[in-house]
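One chain, subunit A, links the two complexes that follow: it is found with subunit B in the first and with subunit C in the second.
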Partner chain A sequence: MVPANRRGFHFDNCKRNELLESKGSITAKFTKTGTTIVGLIYKDGVILGADTRATEGPIVADKNCEKLHRLTENMYCAGAGTAADTEYTTNMIASKLELHRLNTNRQPRVVTAASMLSQHLFQYQGHIGANLILGGYDINGPQLISVMPHGSTDKLPYMTLGSGMLAAMAVFETKWKPNMERDDAIALVTEAVSAGIFNDLGSGSNVDVVVITKDRTDYLRNHSKPNQRVPKQTSYKYPPGSVSVIRKEVRYHSNANQSPAAVVPEVVMSES
Partner chain B sequence: MSITQYNGSAIVAMTGKNCVVIGCDKRLGQQALTVDMNFEKVFRVKDKLYVGLPGLATDVQTLHDRIRYRVNMYDLEEERAIQPDNLAHMISNMLYQKRFGPYFCEPIIAGLTEKDEPYIMGMDLIGCLSSAPDFIVGGTASDNLYGMCEALWEPDLGPDDLFRSASQALLNAVDRDAMSGWGAVVHVITPEKTETYHLQGRQD
Partner chain C sequence: MVPTEHHGDQWEPYVDNGGSTLAIAGEDFVVIGSDTRSSDGYNINTRYDPKAFKFTNNTVLATTGYRADCKSMAKSVQAQITKYAHDHGKEMSVEAMAQMLSIMMYQKRFFSYYVFPIVAGIDKEGKGAVYSYDPVGNMERVGFRAFGSSSALLQPFIDDQLGFKNRADIKPEERELHLPDLQQAKNIITDVFNGAAERDIYTGDGLQLFTITKEGGIELEELPLKRD
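This part shows the complex of A and B:
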């Protein structure tokens, strides 16, 4: 048996899974984030935006997931692609950056995070499917860097990523200008993500926004909720006795003031 | 055909007012051939904490063993009861370790927290967590379960109403799925007790 505390990825199932695949079965689908993620630099800092839909094939797996990951106090990362990869990659880099901060006693820099991300992703040759937009503010001012799954990076004043990137970029290309005011910039980010939400099927639900400035970071969870669900008009409650029960067992919990005789089987033919 | 559909399964977890239910079907098959009609896929971890493991049966059993081992180690090392969110992250980590050679199983966790608040959590086969305020479904009948649950679930159902809604969602979903069925087991978890119902289902 493999020790449970062994670090890093385990490959013990790979041979078996390869065999299963060779016998004609298709490997299962991962949760993807479909996604529209955007970022821009404005007058006093950097803003990231994301939708909140996670998909598994054509099914909406999560209607309100979080795609803006905190790296440090002054850095956030928007993630698109394989949901587990974006989550675990950013978590790992966040831990490394915190240790780096404690060791050096300095605020971590955006380029440090970008290098760590790109080196990690390059090491895995694109198999870790994380498309990231990294935004932060350090001694070099506001910065926006994208990191692709193979490890390439880009440094731009505004960018979009994910399946809704075209819709969002259309908005940025018409309306973005340098040195925007905070409220205008937040509104533009919201509009760009909304373009993805409404025009791209892989994106949906709400808009999350994070605003990072020199000495303050505001995480605006569900900043815009354009797809609120209306209450159901009809209740489909089933009447008592509508489920036919073969057997019922009751297990009283040890902390409750009940008989400690744990399982009490009870035979009934239909629900009483 | 996907390997997650080889044995067939259906699992649903739903939240209510101070209660949760988690239920599964009982079929184990080899594609269209039914092998076992009493193969449960929901396991008790603690009094108020259950885990459902839909997917490839060999991985269901392996994962159940490994979860039991890790939870027992947690009990010994931490000397306190594991909480639902701890368990969710523990399983998620176990799955992500095998990112490039995964178990074909999408675990679902249902339980009550220390404050007896309902907790449900789902994840994909490489451990991407997804939470929901209402219900989590999994298995070969998951599409059907989504449909049933969207119609039947409503906020703040009591244990009895929640049991009936979840049971009907499960039974009707598996009746439209060839790969799962043969009766069902539903656990209704409340602060005082857990009631386990074995339900009558179609035998075809």
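This part shows the complex of A and C:
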């Protein structure tokens, strides 16, 4: 049993790593999703949007990843920042909310999720790099709440987060208005995420959208695909014999019934 | 007493503006491709900032690295080439231009241009020539070369496709017998840049494709690349 004061993360190596870094040795790098995530409230509910690019430094690690995380039937969470942190934090909160729903026999509320996220992130003093936009619909109507890595929250009618947040916010600030129609609101979210996709190098590929209303949630995976790959001019199939076979060996998985002779690997040396 | 101000960060004179270049020499032609995006961090400075320029009727210089240095260096090279033409009554050859660039770069040995140049042209024998450099002027004549933010993606690919490295069917020594024709070289460049635009965040927007032949001089084609 782990003692109570030793639960959770260990920070034992923080001082050591700081010293190592100051002496010029390499430091641990983790996948940060340079991202554009957005959210807005419209007439009948709330809409979240996200791009689908995941990067490792200058390289695109995943061209079609998912940044819209399901918390409950009536709540989704868009995540930016350290990929692992957004994934694990939202998964954990989703589990807790489901247990909460079972225990109380009531639909979980958005503020409940927001409090849980904020308290969890505050406990870890910003070491969990999750920048979240939480959107949902409960008995208090549509709600949109952002949660920052240190645990602070904001309640706004429209918001953007991630490396493409400025590009996306430029669109919202010019075109958002209260009580928009569903189709117009989806189009605006798509336009805001697209602004991030095209103008921010950390964001790219497709637009994912989720529309949450009183009695319906529509997850529109790859709602817009503006960056399809162009077909290749030539085939790069290798002619047979392009690869030299140095050794060929066939090994069977251990089989008690097999005679030892059959297990002897067949070894063929290539002529080259 | 006012305490002395300490500035932790030293002055950094260089910025990497990204982008990629790729040149392929054929038997009697050279093709040189380069994207047109110029960026800083996660921002795109411009979607159309050509990296490759025609210098004589026979030579193209393409440079990645720090854009300001690329342009400054190109301007100096152009000045020398114009002067050479006036002094000698003829255009400078690729060989001469390549050697001159090496010297000009080494002259700035201790405050070098942050550049990765490629010179492409047709040599005196009528063969395709590609010269590549490091930022202080170390020059090498090669059959093909990729430089810039996607060089680590492109170079291994063309080493295999054009250099026949680690191939059992064609030995690297037999490369001269399997030089690509003009269309093959162009296809490889377009394919390779479309691939680079998929995976490298600093390469994209547009592709400039220069073709240099003895008879046709220099031709330029512009093709779109992904803009995300």
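To be clear about the criterion, the second predicted complex is superposed on the first by the 225 of 272 C-alpha atoms of A that agree within 3 Å, B and C clash if a C-alpha of one lies under 4 Å from a C-alpha of the other, contacts with A are read in each partner's own complex, and residues count from 1 in each chain.
One rule holds for everything that comes next: a residue touches a chain if its C-beta (ideal position, glycine included) is under 8 Å from a C-beta of that chain, and two chains touch if they have at least 3 such contacts.
Values in this document were obtained by computation on a predicted structure and should not be read as measured data.
Look at A:Y236: by the touch rule set out above, it reaches both subunit B and subunit C.
When the two structures are aligned on the shared chain, A:I59 is found in touch with subunit B and with subunit C.
Put simply, more of the residues of subunit A are touched by B, taking subunit B and subunit C as the two choices. Once the two complexes are laid over each other on the shared chain, residue contacts for A:S163 go to subunit C alone; subunit B is not touched. By the document's definition of touching, of the two partners only subunit C reaches A:G202; subunit B does not. Judged by the touch definition given at the top, the superposed model places A:N227 against subunit C, while subunit B stays out of reach.
When both complexes are overlaid on chain A, the residue A:R251 reaches subunit B alone and has no touch with subunit C.
In the overlay built on the shared chain, the residue A:N13 is in contact with subunit B alone; subunit C does not reach it.
Judged by the touch definition given at the top, the superposed model places A:H127 against subunit B, while subunit C stays out of reach. Common to the subunit B and subunit C interfaces on subunit A are residues 59, 63, 232, 236, 238, 242-244. Interface residues of subunit C, counted against subunit A in their complex, comprise 18, 39, 41-44, 149, 161, 167-169, 184, 187-188, 190-191, 194, 198-202, 226-228.
Taken together, the subunit A residues at the contact with subunit B in this complex read 4, 8-17, 20, 24-31, 54, 56, 59, 61-63, 65, 82-85, 87-88, 127-128, 232, 235-238, 240, 242-256, 258, 271. On subunit B, the positions that touch subunit A within their shared complex are 1-4, 6, 47-48, 55, 66, 69-70, 73, 96-104, 122, 124-132, 142-143, 146, 151-152, 154, 157, 160-161, 163-165, 167-168, 171, 183, 191-200.
Only residues 34, 53, 55, 58-60, 63, 163, 197-205, 226-227, 229-230, 232-234, 236, 238-239, 241-244, 272 of subunit A touch subunit C when the two sit together in their complex.
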